[in-house]
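The two complexes that follow have chain A in common; it is paired with chain B in the first and with chain C in the second.
So, the complex of A and B:
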């Protein structure tokens, strides 16, 4: 079985009781706990300012990601702390990733408009991303 | 002010020809308002708000679905769905003011662990 394991460790000294959390999960296909995701795409992109760019599209039926399991990692590899990117899903701004920040989200490609889009601010940002998914079959009409 | 150190490790030695094994970490300055690790039951009803859309600033949000068999949907306070947490799965991502965050169980109630920190 395909076994992609994602583990997070969070430590925080903000509260009176210091927190340390570790959680691990195996990335599974939709509606199963026994069959792991077996497809992956990864990349390194430069995002210039001024435009909201599509990173991952939910409208590609051949990609098979609609209503399937999609685990997405995005990291802003910019080094200038004033640089950031804005993450949008389905035309709704989700949040900002500043230089060095990362996110891991089980993207819910709920409908054909639920694309993940990125807009860069302050300067050209550099990002890495990984998309673990299922069901993609290439065809000639993409 | 405090410091939040999130570390992600991704590994896979069975699926692809090139083994995946990497780790990324960050150091985030955090302040108020923040929410410590909390357990809450999420039902299938709509509008179970975890983060209000009117609170300004950037939040770093963590959640884990502790249920063994049912998934939970994460959505904006306007009910725009954008993430599904499968059984046992976790997520960590930033959220902005204006959208807020709600959870809604899909099939049956689940217990969700979550926490968030405001960017300092």
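So, the complex of A and C:
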């Protein structure tokens, strides 16, 4: 079985007693306890300000990842704190990743329009991303 | 006062992948000033497939109105039934929107899965959750935000 794990350590001293949470998950295929996600895609992109494009497309129903247990990691590697990207799914804003911020989410990809889109602001943002998934079948070249 | 989050990803899917580690300090939008507000670490038990607002962005629930479109972050973990039994075959769908209106699915949190994501803080762009079954499932969550 392919094994992918994601561990987060969250620490904060905002409260009167410091908070520290560590959590780890093994990324399994949808609705199974015996088979891990076995496909992945990783990349690094530079996105000019104002540009909005699909980082991950959900438009290939044959890919076999719709309504599955996809996991997506996105990091804004920009260093200027005023730089940020807006994350949207199916044109609905999820939130902003400022320079140095990262996110790790399950991605339902519930239908063909549920793409993960990003738009850059202030300057050219530099993005690292990873997508762990299952079931993608490459299409034959037409 | 600082809040930090570190992620460590390991995987043997791709030969030669040596793992990935990244840490971030949660800062206010467009600055290097630390984020200063939090909901505190919370826990909510659900036992029906009905969608509910886990975090409502409007003033009444948070006591402090979230500043819109800034650098808020939410952490959620599906810890299973709360008695050390997390089921990888059932899930909680996490969405953004409002239970009284429309929602956009983010994804499915199976047992022991967690997420950390930015949220806009805009009213009615709440964090909405809906279990896949009527069995008890417990979510642990915290939001860090600006006012």
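In the analysis below, the second predicted complex is superposed on the first by the 140 of 142 C-alpha atoms of A that agree within 3 Å, B and C clash if a C-alpha of one lies under 4 Å from a C-alpha of the other, contacts with A are read in each partner's own complex, and residues count from 1 in each chain.
By our rule, a contact is a pair of C-beta atoms (placed from the backbone, for glycine too) under 8 Å apart; a residue touches a chain by one contact, two chains touch by 3 or more.
Keep in mind that what you see is a predicted model, and the values were worked out from it rather than measured.
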Partners on chain A (chain B, chain C) - clash or fit: clash
Touched partner set for A:137, first chain B, second chain C, both or neither: neither
Partner chain(s) touched by A:100 [first = chain B, second = chain C, both, neither]: both
Touching partner for A:81 - first (chain B), second (chain C), both, neither: second
First (chain B), second (chain C), both or neither touched by A:15: both
Overlap of the chain B and chain C footprints on chain A, listed as residue numbers: 2-15, 19, 21, 23, 25, 28, 30, 33, 37-38, 40, 69, 73, 75, 87, 89-90, 92-97, 100-108, 110, 114, 130
Interfacial residue positions of chain B with respect to chain A in the complex: 1-16, 20, 24, 26-28, 30-31, 34, 36-37, 58-59, 62, 64, 68-69, 73-74, 76, 78, 80-96, 98-99, 115, 117
Residues of chain A defined as touching chain B within the complex: 1-15, 17, 19, 21, 23, 25, 28, 30, 33, 36-38, 40, 69, 73, 75, 86-87, 89-90, 92-97, 100-108, 110, 114, 130
Contacting residues of chain C [partner chain A, same complex]: 1-14, 20, 22, 24-27, 29-32, 35-38, 40-41, 69-73, 75, 77, 88-91, 93-94, 96-97, 104-110, 112-120, 122, 125, 142, 144
Partner chain C, residues of chain A touching it in the complex: 2-15, 19, 21, 23-28, 30-33, 37-40, 42, 67, 69-70, 72-73, 75, 81-82, 84, 87, 89-90, 92-98, 100-110, 114, 130, 132
